[in-house]
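I'd like to ask you about the structure that follows.
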Amino acid sequence: MSSIIVSLKRKQIAEFIEKEKRLDGRGLLDYREIVVEPGVIERAEGSARVLLGKTEVLAGVKIGIGKPYADTPNEGVLTVNAELVPLASPTFDPGPPKENAIELARVVDRGIRESKVLDFKKLCIIPSKKVLVVFVDVYVLNHDGNLIDASALAALAALLNTKMFNYEVEGDEVKIKSDLTQLPVRKHPIAVTFAKIGDKLIVDPWLEEEQIIDARLTVTTDDDGNICAMQKGGNGYFTPKEVLKAVKTAREKAKEIRKKLKW
Amino acid sequence: MSQKHEKLIDKKGLRLDGRKPEELRSVQIEVGILPNADGSAYIQQGKNKILAGVYGPRELHPKHLALPDRTVLRCRYHMAPFSVQERKSPAPSRREIELSKVIRESLEPSIFLEYYPRTGIDLFIEVLQADGGTRCASITAASLALADAGIPMQDLVAACAAGKIDDIVVLDLMDTEDKIGSADVPVALMPNLNAITLLQMDGILTFEEFEKAVNLALEGCRKIHAMQKEALKTKYVNVKEVEE
Amino acid sequence: MSSIIVSLKRKQIAEFIEKEKRLDGRGLLDYREIVVEPGVIERAEGSARVLLGKTEVLAGVKIGIGKPYADTPNEGVLTVNAELVPLASPTFDPGPPKENAIELARVVDRGIRESKVLDFKKLCIIPSKKVLVVFVDVYVLNHDGNLIDASALAALAALLNTKMFNYEVEGDEVKIKSDLTQLPVRKHPIAVTFAKIGDKLIVDPWLEEEQIIDARLTVTTDDDGNICAMQKGGNGYFTPKEVLKAVKTAREKAKEIRKKLKW
Amino acid sequence: MSQKHEKLIDKKGLRLDGRKPEELRSVQIEVGILPNADGSAYIQQGKNKILAGVYGPRELHPKHLALPDRTVLRCRYHMAPFSVQERKSPAPSRREIELSKVIRESLEPSIFLEYYPRTGIDLFIEVLQADGGTRCASITAASLALADAGIPMQDLVAACAAGKIDDIVVLDLMDTEDKIGSADVPVALMPNLNAITLLQMDGILTFEEFEKAVNLALEGCRKIHAMQKEALKTKYVNVKEVEE
Amino acid sequence: MSQKHEKLIDKKGLRLDGRKPEELRSVQIEVGILPNADGSAYIQQGKNKILAGVYGPRELHPKHLALPDRTVLRCRYHMAPFSVQERKSPAPSRREIELSKVIRESLEPSIFLEYYPRTGIDLFIEVLQADGGTRCASITAASLALADAGIPMQDLVAACAAGKIDDIVVLDLMDTEDKIGSADVPVALMPNLNAITLLQMDGILTFEEFEKAVNLALEGCRKIHAMQKEALKTKYVNVKEVEE
Amino acid sequence: MSSIIVSLKRKQIAEFIEKEKRLDGRGLLDYREIVVEPGVIERAEGSARVLLGKTEVLAGVKIGIGKPYADTPNEGVLTVNAELVPLASPTFDPGPPKENAIELARVVDRGIRESKVLDFKKLCIIPSKKVLVVFVDVYVLNHDGNLIDASALAALAALLNTKMFNYEVEGDEVKIKSDLTQLPVRKHPIAVTFAKIGDKLIVDPWLEEEQIIDARLTVTTDDDGNICAMQKGGNGYFTPKEVLKAVKTAREKAKEIRKKLKW
């Protein structure tokens, strides 16, 4: 976008937000409508589609057998990848993931990993040799802002939807059995992203807002209200007071969003 | 195609999913479902789930690729990592690169490329779930996405494969039939011009079998073409209703 | 090429072809002179050089030991790669294979694979663990049009020229023996490429023709006249009638070309 | 963070390296040590050894990245292959790409980017030895390198992490504490504006623990900020002495 | 070079292929054999089979590489996958990248680069079969390809290696000698100017052995230079005969 | 640099050198001050920092366990990599190593390898299966000319500084022991680089000189005065007489430089 349009838009949005209003009619701390649809990709071990307003994210889970990392020989492996699929936005290019996609994947990854959603010890088959590898692929299908929250929610919903194969170990061989079992998911971490415009904080910025915000802060909290991941982005800043306010609000918002995971 | 000895057609002449040899899988098509793209379409054909989105005509980057007398159609056929049995790396495979090319070349004959010199049209196809025949279903969806973007075209391109399983020529192979069967002939057609814009084949067919397969595939294309027009009409009518 | 030159050339060639003539004096369904020279690279397990007029292609076969694919544990592996070597044309760039080279390799690959030239089961050494890997590298040394037919012929000739090592299996170890044996080749699939100019079909388009054609169609047929691979290319189309005519002609042309493989 | 049961704080309340919970590691900073770079700084924090170098403002390549109303800050955080226990491939990892982004975004708020339209500033950070908290030490050094290059800034950015080990909130985690501990909160601050420009967190903290950790980290930032100013003064005074 | 104990020179003083220590392998050279290239040459030296092709002087892409006062010579030395014992990946190896550089630098001194400012010359070398000494044979062929392209040159560059096997200094090592021998000294020479344009060495040589090896290699270069001129003359005469 | 500045600078430097002088006051065959500082990176198995005037190079050694090459199953592996770190010069770009970095690494590698600094047979753990892999990473931190000599010296000093773990072999498993042992270094090859300006040879060219020289020649000699590696670079040439003179001088200079390795 040209810098003139950005500054006009910035002015307009900032004036609205000054009056505690947003261009799309929401209150400052309101989310857009959230739809979670599990099981949309039958071929995947788990999947879910999340709509956050017009932002659409699909997450798929595949489970394979691989080697553990050398420093955690008794633990399974989690791999989160995010693709900013080029049909989702005129600003997305084909090609290997760039810094935005990598940051997105790593923030989603940390939310799942740090909150201990999965018991990695239970994903070990033969220590040092064979473990289960859980691939979570986040696929952004339409970009209308706040990809982090939508992606984190889709990834978690896909894990909740995951049924994995059972197996037997005979010596060094792993035999896949035909029956399935639910992947055990222990926690429900929810990412809540704030944007700062002027001296106001809003949640769930949509695309128009994202283009003009100073900074964003994502706070991921678990079922017990503990904080398990945070990520500041953008070329602005937050005051310590704003940070603490955001964390408190995030815990409230997370409770609301978490309800969308009951199906 | 490897030839394992598994029965793909039962005593009643029905296939694993209950279809008759000359029957298409169930097809659902939706046009204009991606808010950001200039044009888009979604197709389910059997368990295939494929999304096509179009951006353009727009300025080309890098600029030196632009042509003075026509638009440049670029096409990326891509499979989601979770679309197939074993997780697929998101990096484009040689197969995806070839299919991107043949899909592009199946659509170019339908477009008045000369209407938009010095521009580019980007066509992105995402296979969200694959179940055999993804290149044909991709073409079907992509042609609708181009139409939805308002690109002027001679005709919609419809695509469908025929093939041979258990010594019988059948229409629209699903994944298992594709893998175990003995031949596959994907075809794309502009029915108004009787113009074949995609034709590939692998396996082994006699001349007679090939002729039968092509004709069956063309028949399939015509049926899908009718569904394409229906899907466009649905969107158009809905839009009109909303506007009224 | 500039679009003006293209359209002038197009006009000239089309006028000739309308009169059933070609710029280089051939009839519409005539091939250029074909020369097949096997065994040109002694260090390769098999090799052949093919001249198709001024188009020159070298194919080399190397055989190694590798792992089978998970879904075919009892079968050897065939890998076909094509390089559009930059000295072959001012339009070829160094760098990893682009879509033209990849399509070329895959069309050559399918011709060999689908016609069952090789018995992959016989290339298995230890199921699920070790199999023979047959690498066919197609090296285009001069590009004067119709690379597919020249490459397919060179690849097949190189396989016919291939002598592979014998081996013994002791437990999980494979011992290479010093004597050689002919790689068994069961079929002789021949690719015949048509180009459409106006409403005429020609075979074996050379460079000048390729630059102005609407579409091409490659038909690969085996010794029994069966069709085993096809590939349409270019941004034009064929009618169903043209396709059937092409297939019939391809079977005739293939018989002629197949004779070049006797040495 | 994996939670193994190893004691990180002894009975006297001291940490593995003898520090008290709220104590920084020893920090040495040098400014202007790279002859070729327009600005540079070197930091040792515990066993971390990190070099930051700045080139620019200068012409941007490729040119189409240039912006009409501001300079473009580019940042590469990179670890030397020998900086960690197992040799690291020199190709940038996903972690390095993310850290390059958050470090850049922690420094941008401090720079008057609009002073140099159509130019670029390249910031290169090389971790020669890593011992936990490299992103914070990198920011501390990088901000000084920018100042040394004469880039006009609102304030120096100082960074420091706090975290939780053995159920105690502590300052400035070293490698072992980072790996075995249960939470890490890296923070960057412009003290003059009370502006937090980097904030990440991983692990599990209650609200109260988090509040304590942030405040402790901010305190650490302020101490480091004082050292930054000292290091700048040292260079400035030395230069003056040489010039006189 | 690893030193295994295998005899490379027999009791009669002859090498594995029957050559005397100071004897070149058989060399065949052909000029102008690639129809599309602006210049080309093919060399067989022992079992080496190498093709060199030149395009240019022509416009450079990307343009920003062009120089205002000279042409830019670019060189790619590349080995065919089937040219060596174990199949080589076609992606350029570090060895190929280094050799591309030293070959380019061995040819640049021979070319009047300033005759064609703002242009580029692309030199492509393909090793179809490798048998030791490929860089030297490549230079010999490449220099002829440049001449065949009509690039103005001070002299042809001829190249040849000497080395040490079984404690004897010998000329023009073949593959086995290169691998088992104890030193290799590839040299390129413009004989008219007595100018060494390539010189590398690996292994271990005393000063006296080195002096002997260089002199032997220079002698080899001069012999190859004579063959180069012969090959050019052959082409030139043939062309004239055809034209008459 | 613009070509006008180059030719002015060339003229000035050449005039100086004609009078056997250099811009920085050195004689033609004088090195800049050399500082070798071993052990600067405690976390590496070995390391050294070399200052050659203002040129600064850091070399680090890491030792891992890997597979031997197929053709040397009883030998350990040496891998030398060089990074032209972008903070070292305005002309260095981030990204994978380009030809200058690759040549630098390979010249350093050959100096070490060919002079037999390491006894690769002693680095074998289990033939054909497990060997020690010695990674030498050369990190250029400030580029003021003559990177080859500085890098070769830093790499050698880092190897001399290397302490590696001891290990025990039990079956196919390798157990790392906690005590360390000195990596045995048998030779001290020293690279000496000459530049040719007009008809004069100088050693240790600094950046200003490098930008205008015709050609360079690196001669690596060992403790016994034997030559073990050479590399000519640049788009100029040397006469045979110049080469022999350079080799003789290199042996003298190497003796001086080798003294810097005593600590």
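Every chain is named by a letter (A, B, C, D, E and F) in the order it is written, and numbering of its residues begins at 1.
The working rule: a residue touches a chain if its C-beta (ideal position, glycine included) is under 8 Å from a C-beta of that chain, and two chains touch if they have at least 3 such contacts.
Note that the coordinates shown come from a computational prediction; the quantities given were computed from them, not determined experimentally.
Trainee: Return the chains common to the contact lists of subunit A and subunit F.
Mentor: Both subunit A and subunit F are touched by D, going by the contact rule given at the top.
Trainee: By label order, what chains touch subunit A and subunit B together?
Mentor: For subunit A paired with subunit B, there are no chains in contact with each.
Trainee: If we define chain centres by averaging CA atoms, which chain lands farthest from subunit B? Would you check?
Mentor: Of all chains, F has its centre farthest from that of subunit B.
Trainee: Among B-C, D-F or E-F, where does the A-B interface recur, judging by over half of the contact pairs matching in residue number?
Mentor: Selected pair, repeating A-B: D-F.
Trainee: Let me spell it out: compute each chain's centre from its C-alpha atoms, then which one is farthest from subunit A's centre?
Mentor: Using the mean of the C-alpha atoms as each chain's centre, the farthest one from subunit A is E.
Trainee: Could you give the separation in Å between the centres of subunit C and subunit E, each centre being the mean of its C-alpha atoms?
Mentor: Centre-to-centre distance between subunit C and subunit E: 32 Å.
Trainee: Round to the nearest whole Å and give the separation of the Cα centres of subunit C and subunit D.
Mentor: Chain centroid spacing, subunit C to subunit D, equals 57 Å.
Trainee: When you check subunit B against every other chain, which residues touch at least two of them?
Mentor: Touching at least two other chains: 86.
Trainee: Hey, how would you classify the chain contact layout here, line, ring, star, complete or other?
Mentor: Here the contact pattern is a ring, one closed loop where every chain has two partners.
Trainee: Round the ring, from subunit C on through subunit E, what is the full list of chains in order?
Mentor: C, E, F, D, A, B
Trainee: How about subunit C: which of its residues touch subunit E in the complex?
Mentor: Going through subunit C, the ones touching subunit E are 41-44, 47, 54, 58, 60-62, 64, 81, 83, 85-90, 94, 96-97, 135, 137, 139, 141-144.
Trainee: For a test of understanding, state which residues of subunit E touch subunit C in their complex under the given definition.
Mentor: Touch list, subunit E to subunit C: 34-37, 40, 47, 49, 51-53, 55, 58, 76, 78, 80-87, 90-91, 122, 124, 126, 128-131.
Trainee: What residues on subunit A touch subunit D, complex-wise?
Mentor: Touching subunit D: residues 3, 70, 72, 75, 99, 102-103, 105-106, 110, 113-116, 215, 217, 222, 225-240, 243-244, 247-248, 251 of subunit A.
Trainee: Which of the residues in subunit E end up touching subunit F in this complex?
Mentor: Result: residues 1-2, 67-69, 86, 94-95, 97-98, 100-102, 105-106, 108-109, 113, 185, 190, 193-207, 210-211, 214-215, 218 of subunit E touch subunit F.
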